[in-house]
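After this come two complexes, each holding chain A, first together with chain B and then together with chain C.
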Partner chain A sequence: MTTIADPKAPRPPRARPSRLTTRGNTELYGWVFMRASGVILLVLIFGHLFVNLVAGEGVKAIDFGFVAGKWASPLWQVWDLLMLWLAMIHGTNGVRTIINDYASRDGLRLALKGLLYFAFLVVVVLGTLVIFTFDPCPTDAPLDLLPSFCTA
Partner chain B sequence: MTAAIEDSPTKVGAVPSFTVTMRVMRYLPSDEGGETVAHWDDFQVKVHGTDRVLDALHMIKWEQDGSLTFRRSCAHGVCGSDAMRINGRNRLACKTLLKDLDITKPITVEPIKGLPVVKDLVVDMEPFFASYREIMPFLVTTGHEPTKERLQSAEQRARFDDTTKCILCASCTSSCPVFWTDGQYFGPAAIVNAHRFIFDSRDEGGAQRLEILNDKEGVWRCRTTFNCTEACPRGIEVTKAIQEVKRAMITRAF
Partner chain C sequence: MSAAPPAPPRPPAKTRKAPVGTLYRGREGMWSWVAHRVTGVAIFFFLLVHVLDTSLVRLSPQDYNDVIGTYKNPIMGLGEAGLVAAIVFHAFNGIRIILVDFWAKGPKYQRVMLWVVIGLFFVTMAGFLPRHLMHVFGGE
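Moving on to the complex of A and B:
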């Protein structure tokens, strides 16, 4: 007779039906968003990879100037912004469901989700800021810090 | 004629018998309310090729250890009382032939997961039935009672035929990893039984049931892992039913 830790410790039955109802369309919209954004992201990401790595000179073309050139065009600004936002919301929602599925303790779940949303905010705010305020040649910067094409 | 039969070379062979080791999860709550730990007990049983896991459990209870506790009622796969985890898979003990399992190793029998264990293989089914009751598993109609039967065509009946087969054994719900997390998810069985009425042409409570299942703990927690479909002893396409309920909600919302 081997003794093992009790894997199925009795739990108190859930407090139904008195528990607060969590009905609503939030999860429905989340579910639909995951599918829709997934399809759009397929196009955006593979388009991004093709333009950066395959088209023209290929992977050798990527440098500071290449990225600066892309963000000078509104098309790539919108493309990258969409990619950033959709990927971040898609990924965050995915991780949120994973946390819901695996973290059963309320405190742990709250902490993990707090961390997740904080990371989401930082990345989205910073990314959006960079895409729209990116200037490869700031006027008041010392010359030796600027890329060569700024002085040309 | 009789002679011909007696001379027949084909003989009915004796049913082969063999010895199996049953490794059963035992759990006995203490009277003093102290900590109790589940443990495995091994039993050697001599069984026949026609015996099922339930027969082996009976032999243990009747001949070796009368304290072994498990549920069974009809013993023929209809009442849904003896769902248990056999060799790590949720099955009905009365529908699982021992000869179909690997008898060279001990056969493990545990209570189904995710529900509080009362004793040995008996679990508290109340959380499971609470979810079942919540989806209103009864005919909902409006207006006057008709003076004859509520008729429906063969096609209308076929629409929900699969989900009428449920015997509420909890094999599906207790095989669902999302249900294991915190037991708040409605679970496949409740959704299957909601499906049975949502797609019934005679029923008028469909919108209400969709509303109930459009919950944080409703159909959207399904991750389509297909554990439930695999576990169902009645062969119900459980995951498909859940997806059909999801689709009904989306077409209703947009």
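Moving on to the complex of A and C:
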């Protein structure tokens, strides 16, 4: 007599959900996206961590002037925008998978995913707006807080 | 996989270590999966906060510097070290997952690859930690 089920045994019949929960190939595209974005994020985030935490003075040097100096260059604007979008989609999809795995009550699962998508929307919209509407030299700020290229 | 050797007689239930009734036996494959989930969720919640605090640059230089200033203490410095550790593990283990999925021999070497991930993790952290801790704890 065996104590565990034969792994090759057919799955015992289970009550089918009343409606189809996925259609088409969306889960496949999500699976591919996790792998593709993961590789790109490795490069983007390791570069981000190196420039912000290792090179120069590290965390101590991070202030408004540091951020404004970086975003004066289109390279870092594109870098951070790409990082924001890819990381948020990658992370939201990962947390969605975990919610689907553990929240088995319909209402709870729906509520958690609603909250997740709301947070996604707020953070992505806010972050994108900040990168594109950011002013490195606000006129009403003391000059010593600003990057060196700002002139009164 | 080769055919399983004839099973030795089972020890009495009380001394058995592995949980009964599950195919997961707490080996490398399961624990790397658990660690990938835990680090992933931790990084995600940090990311939400990180975008919000960086958004303060849009408000004013003073507001951004005030909030970032509260981060510049040893406790946050250790938190940053933990965050980087989580990212480094998640990144290297993610590459291992991709190799398991797409490399023909990936599934065969998944266990070896986890030890490679752990080795690379320690090498990367050995490069990062001294410099970061110097920035956090070092004088001006």
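By definition in this document, the second predicted complex is superposed on the first by the 109 of 152 C-alpha atoms of A that agree within 3 Å, B and C clash if a C-alpha of one lies under 4 Å from a C-alpha of the other, contacts with A are read in each partner's own complex, and residues count from 1 in each chain.
Operating definition for what follows: a contact is a pair of C-beta atoms (placed from the backbone, for glycine too) under 8 Å apart; a residue touches a chain by one contact, two chains touch by 3 or more.
Quick caveat, the model's predicted, so the values are computed rather than measured.
Engineer: For the overlaid complexes, name the partner, chain B or chain C, with more touching residues on chain A.
Structural biologist: Looking at chain A, the partner in contact with more of its residues is C.
Engineer: Of the two partner chains, chain B (first) and chain C (second), which one does A:Glu27 touch, if any: first, second, both, or neither?
Structural biologist: First partner only, chain B.
Engineer: Identify the partner contact of A:Leu86: answer first if only chain B is touched, second if only chain C is, both if each is, neither if none is.
Structural biologist: neither
Engineer: Would you sort A:Thr133 into first (chain B), second (chain C), both or neither based on which partner it touches?
Structural biologist: Only chain C; A:Thr133 stays clear of chain B.
Engineer: Between chain B and chain C, whom does A:Leu44 touch in the aligned arrangement: first, second, both, or neither?
Structural biologist: neither
Engineer: Pick one for A:Ser104: touches chain B only (first), chain C only (second), both, or neither.
Structural biologist: first
Engineer: Could you look at A:Glu57 and tell me whether it touches chain B, chain C, both or neither (first, second, both, neither)?
Structural biologist: Touch status of A:Glu57: second partner only.
Engineer: Once the two structures are superposed, pull the chain A residues common to the chain B and chain C interfaces.
Structural biologist: Overlap of chain B and chain C footprints on chain A: residues 3-4, 7.
Engineer: Within the complex, which stretch of chain A touches chain B?
Structural biologist: 1-14, 16-17, 21-28, 30-32, 97, 100-102, 104
Engineer: Taking the complex as given, what residues does chain A use to touch chain C?
Structural biologist: 3-4, 7, 35, 38-39, 41-42, 45-46, 49, 53-54, 57-60, 62-65, 67-68, 84, 87-88, 91-92, 94-95, 98, 119, 123, 126-127, 129-130, 133-134, 138, 140-142, 145-146
Engineer: Going by the contact rule set out above, which residues of chain B touch chain A in the complex?
Structural biologist: Per the touch definition, chain B meets chain A at residues 27, 29, 36-42, 110-111, 113-118, 123-124, 126-127, 130-131, 134, 177-178, 181-184, 211-212, 214-218, 220-221, 223, 246, 249-250, 253.
Engineer: Contact residues on chain C for chain A in the complex?
Structural biologist: Those in contact with chain A are residues 10, 20-23, 37, 40-41, 43-44, 47-48, 51-52, 54-55, 57-58, 60-62, 64-65, 68, 71-72, 77, 80, 84, 87, 91, 94-95, 97-98, 101-102, 128, 131-132, 134-136.
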